[in-house]
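Some structures are shown below for you to check.
Next come two complexes, and both contain chain A; in the first it sits with chain B, in the second with chain C.
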Partner chain A sequence: MTPPLVSRRAVLVGGAGLAGLGIGAATVGLTREPDVAPGSGTLPFYGARQSGITTPPTAHAQYIGLDLVDPADVPTLQGVLNLWTQDAARLTQAQPSLSDTEPELATLAGNLTATVGVGDRIFRAPALTRLRPSWLQPLPSFSIDRLDPRWGQTDLLLSLASDDPVVLAHATRMLTASVRRSVRVRWVQRGFRNSPGMTTGTMRNLFGQVDGTVQPASDTYDNLLWDDGAEQSWMADGTSLVLRRISMNMDTWEAIDRRGRELSMGRTLDTGAPLTGTDEFDDPVFSATRGGIPVIPASSHIARAHRRHDREQFLRRAYNYDDPPEPGSADTSNSGLLFAAYQRNPVTQYVPVQQRLADHDDLNTWTTPIGSAVYAMLPGATESRPLGASLFDAAGRGSGGAPQK
Partner chain B sequence: MAIRRLLTRSLNRSAALTAAVILLLIALVACGGETSDSRDADAITVSDQWVKAADSGMTAAFATLHNSSDRDIRIVSAHTAAARTTEMHEVVDNGTGGTTMRQKDGGFVIPAKGSVNLTPGSEHFMLMELPKPITTGQNVAFTIRFEDGSTVGFQALARDFDGNQENYAPDGEHEGMGK
Partner chain C sequence: MTPPLVSRRAVLVGGAGLAGLGIGAATVGLTREPDVAPGSGTLPFYGARQSGITTPPTAHAQYIGLDLVDPADVPTLQGVLNLWTQDAARLTQAQPSLSDTEPELATLAGNLTATVGVGDRIFRAPALTRLRPSWLQPLPSFSIDRLDPRWGQTDLLLSLASDDPVVLAHATRMLTASVRRSVRVRWVQRGFRNSPGMTTGTMRNLFGQVDGTVQPASDTYDNLLWDDGAEQSWMADGTSLVLRRISMNMDTWEAIDRRGRELSMGRTLDTGAPLTGTDEFDDPVFSATRGGIPVIPASSHIARAHRRHDREQFLRRAYNYDDPPEPGSADTSNSGLLFAAYQRNPVTQYVPVQQRLADHDDLNTWTTPIGSAVYAMLPGATESRPLGASLFDAAGRGSGGAPQK
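== the complex of A and B ==
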């Protein structure tokens, strides 16, 4: 069956046209080319910038938060990043890792990416203290937050994504097992989108909303997304990640009629168009009124989230989660969104928007942030420069791997 | 030869790339018609090397050794500062339904135009009496010596791994692999 191929091409053309009109159509989610054979796709691991950020989102994702057994042990941190480089370079290219005990699970990659970030605590090591990006700190607390420490900040983040959950489980196993005496897994957050080939365009969350329409245009990435090294030279070509776990209460959401749900969002549920438009990518007209009443309520999600400055933009790369209900919970579901926002500086780009949403957003009735963490996503690796090389160079440690102790 | 050094030193290399470079290497040698691999060390490339992290006692190192020459090449000894002694081991059936590791008589022989894969549960370098722990991600330097006295060095990252647990009885006594 080839029809998906045809329709994807059409979508690709449409996306380019919208971007050309300056509407800022999402490039994430629209640029996906179908695999020649199912699961055969690979994405590069080596490069100036890490894959898994602007590369097309895959069907499944796994965020793994890990802590160093000794957060002050910089040589071991370097060793872990060297091993992750070694393993990810192979697994993403559909090759077993060097110590792979289940190599049969590594024969396809399903567009596997492995993307690595570090948390603020590693910078407490004296050798790294002066190298912490100023924005790498916990977010301010928001009144809407009900943060569970279970999903809190960790020393390291391994963000894995693939179109196939078996590939993902195997990659997770390989990347965590080879470092397990020095690193502890604190949490794993699993997310998903539609299966490959099922849909095109912007994803939908489990409320049924088109989610992630507003994205910075790809020609602004060098300014808004990728670090230029101005503050910390080692961060050039890295970025930041704010990972929020947002619980979505299906039971109370479904108690609202469809019109009420659309008003709370400011978009229609069918196409995702703003209530003032007909197409998902139409610019919302917040000044439009009908009978003296704003068409898009000022308290709606898109009215509150809409940027007040050009800097208030970030790349949204969300995944749904749908876990078993907590024991004893009265809720039918335990669903939500793994909301990942990438930007050069979360303090100036993400926080103002989040503060506005915390102050008021009609959707807050049904959504609750329950996890939050911020990471410096490392610059990309090359064959001769493993992940973290620029950081350890700046710390005077060289990039050739942990020396013998 | 620069290509060989590159191959030996690079930590992260796809098998496809390795194959491509080896083919290139073979092509260069064939075209040149010169005896650039007259020394044993010049004909050997080491790839996919790693070592098993361990707190004390014994541990093991693994790699793929490729011989680009048209003669068999024998490794007579291996050395790393991370162990008091380094042996070459093979794993054999112990006659009672299990396996045991023992020193390989005469060392590893890398066949002409062929490879030896040192893997857990088969042949490996055995690191005896570690003076210090080998920790996650540590870079361990090795030197292997061939029959003609030439040597090749390589570095291997230490990985947390619990395989290669076969019994080793150097003095007729059974000991587990140290961790």
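== the complex of A and C ==
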């Protein structure tokens, strides 16, 4: 029946995650011991699969959407990916980038990851047309969407994450300034969780809810997360990302009482346990009733989001955002969630769940999707094969394209 | 002659700062031990002087500029300050605010401080006119200024700082939502340093420079920082804040070579030592020459900024900002410094230095002040006397004004 669900953190913390978290027999003192402070480690850049997807979420993330100046210019795309590979391989290891202009800001990595994806438009280039994954297309239009093109689809996604905001600012600068002649930054979406070492467990969003409890078990990643190359061989070990910017209306949320909030979610606010349980990771019992009334309303978020098939699972890696209200607006907040869902195929895994939530989800009263984009997240890079190598190989270009001038 | 200058951190770390930093015999492990992680402590809210000024700078800060809906409405001003006192006293101690709508987000403080100041306009109210400190006025216009009214003077300043971004978002929400009928948020300026525990020592700005080396010694605070009540007795134990938003042009800065940057600053980029020294805290020797040429150019930032009189000192507590470029702009960055200077009297302490820098400072080539405001930072609150009590006492209103309805 339903495979057991575990928290992603519980999975990650089991093994290699320890090194990534920089946690060992660490004693914090006043002397400089940056290698032992929570969040001060490094994560690998090279590997069959990109870091920043199943590696532990860091405190800060920055999603940068960029458009190619000429989306049909495949050599330039290749040059950008070569440059990003060269520089991210260094910055993630706490080394200055090749032409680093502020090398003093590169002495820490704070578990920096740089994860790169491509949007559907790059596949309009004749050399790439036949290489587009069939699922790499705009999501269907959902009735709840109020999409602002300002947060819409771009040609490239550079997703940076670090436990340190100075590291993130520096990496952003190095990786965007070096390619400024080839791409234009269309948007930057900045998110955060708690600072390193502050708390453990599943994050909370700005509604106060535990957010991200239900995750696929790590032993399903080879099936549900990582592409196996069956449709597009170049995508093997890649994945897809659906990035949704979800505005959360603090005013109206705060106007309802605690019980109303918990019923809309189907979970308690304090522990995040389903209303039929006592622990966050208890399986919800949707059939349970009290006085003939379902304990977890059928219209609640978890009842609606709960998968109908094993296929309807994806890895969630959300961050809070809390930007200043737009100048001149009467809004009292500009807060929400950068909802990131990773899965092998968004059409079969993500869309059915999102469609169900769009049809009805009590939480829709207070949440509004205002941005949406889908990316093919590239397979990992190695020292001899930069990001995108398998794509350019498949296009007959080889992976040795000259770096951008 | 010149009194010895020491770093603020060196002073703070000497004593009570230890508790504030949350550093003890701490071992970081995978179990939840929030009280021992760097940055997870609490700082006092009540006291003769407000926290958040001489307490150790946290990783994140948020300056919130607010205008009273009716600037002449003194009872409402008093109500706002009463509410902020009540709620900040709780939130800073990791307790939910009085009507906290997301109490689960209040279980951490991350060294949260809430520090409040008032702008000159509130003193136009007849009851307060004679109570305006003479220095509480707009700064003179400097030739280098390109001030955007978007970052200009407001009636109130709520300065929040925490080592945790979720704490900061929650505190911002609680402290602004509760007063939304009385005040309007005009701007929010968000800044950051390294995450807790990542590094020690003076911060670096996004030019890569060590920033904030020269600070008044803590034994001068009673003279240079805290008001003694001589001019306005209600201001005793208060201070002033000059908040300048300084845009830093990454493109042009990165176009010059390392030597050119160091000469413009008068310090090396790696250690921050003056060009005549080897250690960050070495006193610069402005008279030193090499081949007849000053080692530290007379036009360099530190030569121009160096005080001509003992009075020309102020406590600097800067944060980096790195916002997304404005939508539609061709800028490749929107970065800079939230420069905060605290001193008893900005006219005699800050302005002479700023005037000298405006007349000439090599760094002006790459930096532009785009925001400026001056605040009277209130004396501290106690359990029986909320923020502003001495002001309202002096105005004959007493401190027991009814909280805002």
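Throughout what follows, the second predicted complex is superposed on the first by the 363 of 405 C-alpha atoms of A that agree within 3 Å, B and C clash if a C-alpha of one lies under 4 Å from a C-alpha of the other, contacts with A are read in each partner's own complex, and residues count from 1 in each chain.
Definition applied: contacts are C-beta pairs under 8 Å (C-beta built on N, C-alpha and C of every residue); 3 or more make two chains touch, one makes a residue touch a chain.
What you see is a predicted model; the values in this text were computed from it and never measured.
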Regarding the shared-chain residue A:Asp164, is it in contact with chain B (first), chain C (second), both, or neither?
second
Which partner chains sit in contact with A:Gln93 here, chain B, chain C, both or neither? Use first/second/both/neither.
first
Quick check on the superposed pair: does A:Arg180 touch chain B, chain C, both, or neither? Answer first, second, both or neither.
both
Considering only the touch criterion stated at the top, classify A:Ser335 as touching first (chain B), second (chain C), both, or neither.
second
Per the contact definition in the header, classify A:Asp393: touching chain B only (first), chain C only (second), both, or neither.
neither
On the A-aligned overlay, A:Ser384 touches which partner chain: chain B = first, chain C = second, or both, or neither?
first
Mind working out whether A:Thr101 is in touch with chain B, chain C, both or neither, as first, second, both or neither?
both
Check whether chain B or chain C contacts more residues of chain A in the superposed model.
C
Going by the contact rule set out at the top, does A:Leu83 touch chain B (first), chain C (second), both, or neither?
first
Same chain A residues contacting chain B and chain C, which ones?
101, 177, 180
Contact set on chain C toward chain A in their complex
13, 18, 23, 25-32, 34, 36-40, 59-60, 101-105, 108, 110, 150, 163-166, 169-170, 172-173, 176-177, 180, 185, 187-188, 190, 192-201, 204, 206-208, 250-251, 253-254, 269-270, 320, 322, 324-325, 327, 332-333, 335
Which residues of chain A touch chain B in the complex?
75-76, 78-83, 85-86, 89-90, 93, 95, 98-99, 101, 177-183, 381, 383-384, 386, 400-405
Interface with chain A, chain B side, in the complex: residues 10-16, 48, 50, 53, 62, 81-82, 120, 132, 135-141, 155, 157-161, 163
